[in-house]
């Protein structure tokens, strides 16, 4: 299958672990070149993060397992980019 | 006919297969350089994706067949770019 | 007369032929380097497309004839650029 | 006087000649490197165009005469840029 | 004193002289590299122009005198940039 | 763990020390390449700053301790980027 | 302490001295590479300026003294950037 180059995930995370621990642990997975977590909503018990991940060949299941090991969960997937290069969405990235 | 360089498709997809499976399978088609799927709406039974595809010479019918093999359907086509190079729409991409 | 480098056309097209057939046929005309069709409105019987065309020396009448051969019609012209190079509109393209 | 490098004109044009004829005829004037006409309003009898013209040393009176020969008129001047180079307006072009 | 590199002026100008005459005469002053006048409001007797001027070492008083010789007046100064290089305002130019 | 390349923090700071002292002291920490503090809200007793920090391998706890030594506190974390390079959030940085 | 690379200040200035005198005098301070003053509000007796200053190692107190010598005052500080390079705020400068 075509290699995944970028994933943008909507993640629900309890307040513990912190977003820093969450992001650096996630970024420690093999094959991830860059991870950026932006906090988009803070509720009483959870934070909603938009997590942008880039790599040469991302594996969602490894990423999901890691996210769940970090007590968080993928609420939804906002964007998936794959192929020999990455194309932006003209309505979002231009 | 002029080669298609970019397609932006509005795709309706049931929750299964996932957007990741959908995108990587689609990206596996020969001749596709890059595929980016952005989730734009989530309903009870379907997700609406805006799918941006780039390649040297895209074939819509092969893409449509693959999308349908993945249990999804092309709801509408948002943009088609063809020629020896790609020009953006001044009102969208500038 | 100064060569036309870019045309942005508002085109009304019945649902058949499809926007892909329409765009690739149009892009097959001699002298067109790039054609991008963006669907801006969908009505019961017609689609409204904004069609951006670039080339070294575009001929509107050849383009209009081709568009009409494809059962569509030019509803209006949104932008025309000509000269030895192309200048953007500061209020739109900047 | 300092050479005019860019003019942005608000032009009222009857439906005949067409915006393509208008733009290519205008672009045929000596000294014009690039002309881009964007249709901004369509009324019963006239179209309003925003016409962006660039060149090394534009002459408004020659341009005005040509516009009037084409049955159109300059309704107003939106922007004039002159000098040994062109500077954009920070509130519009940045 | 630090050399002025860019001035953005709000200028009130009667309808005569025209914005083209105004801009080219102003651009003819020694030391002005580029002048761009954008019309931002048209009233019965006056036009309001936003005039962007760049040069290596602009002199406001020379510019003001020239503007007044052209029957216009500086209503206000919107931006002044000086130094060995020009920095944009992060809230406007970025 | 993956090195943190960028942190965007929401910081509450009493009026003393000033934002300049706060930023330069913070920027003096080893390993910080760049710190930018933008004031986003001013209340009677506190200022809210959005603090963007970049470095090769940022340590949040060292940064937090320094912020608290400066009488301020991290109210929330807006963004964390880590990896061998930095990826922007397509919905914010593009 | 880390060198200050950029300051964005909210400055209240009486109508005299003018914004040009104010900016050029300020820009004349040693160590300032570039100063840009944008007028953001004009009241009866004062003007509010957003003043962007860049340099290799800015000293706020020298700048404040100069601003006060020019009969103006720093109303608030909008942004401070320091370090071996400058990072923009992703929510403002991107």
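Which chain is which? They are A, B, C, D, E, F and G, in the order written, and residues in each are numbered from 1.
One rule holds in what follows: a residue touches a chain if its C-beta (ideal position, glycine included) is under 8 Å from a C-beta of that chain, and two chains touch if they have at least 3 such contacts.
On a predicted model such as this, the values are computed, not experimentally measured, just so you know.
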- What chains, if any, are shared contacts of chain E and chain F? G
- Message: Counting only Cα atoms for the centres, state how far chain B is from chain G in Å.
- Response: 49
- Provide the C-alpha centroid distance between chain D and chain G, rounded to the nearest whole angstrom. 39
- Mean-CA-position distance for chain C and chain B (Å): 22
- Task: Enumerate the residues of chain E that touch no fewer than two other chains.
- Result: 6, 79, 88-89, 92, 94
- If you go round the ring from chain A to chain F and onward, which chains do you meet, in order? A, F, G, E, D, C, B
- In the complex, the residues of chain A that touch chain F are 6, 8, 18-20, 22-28, 32-39, 42, 50, 52-54, 79, 88-89, 92-94
- Query: Residues of chain A touching chain B in their complex?
  - Reply: 1-7, 60, 76-92, 94
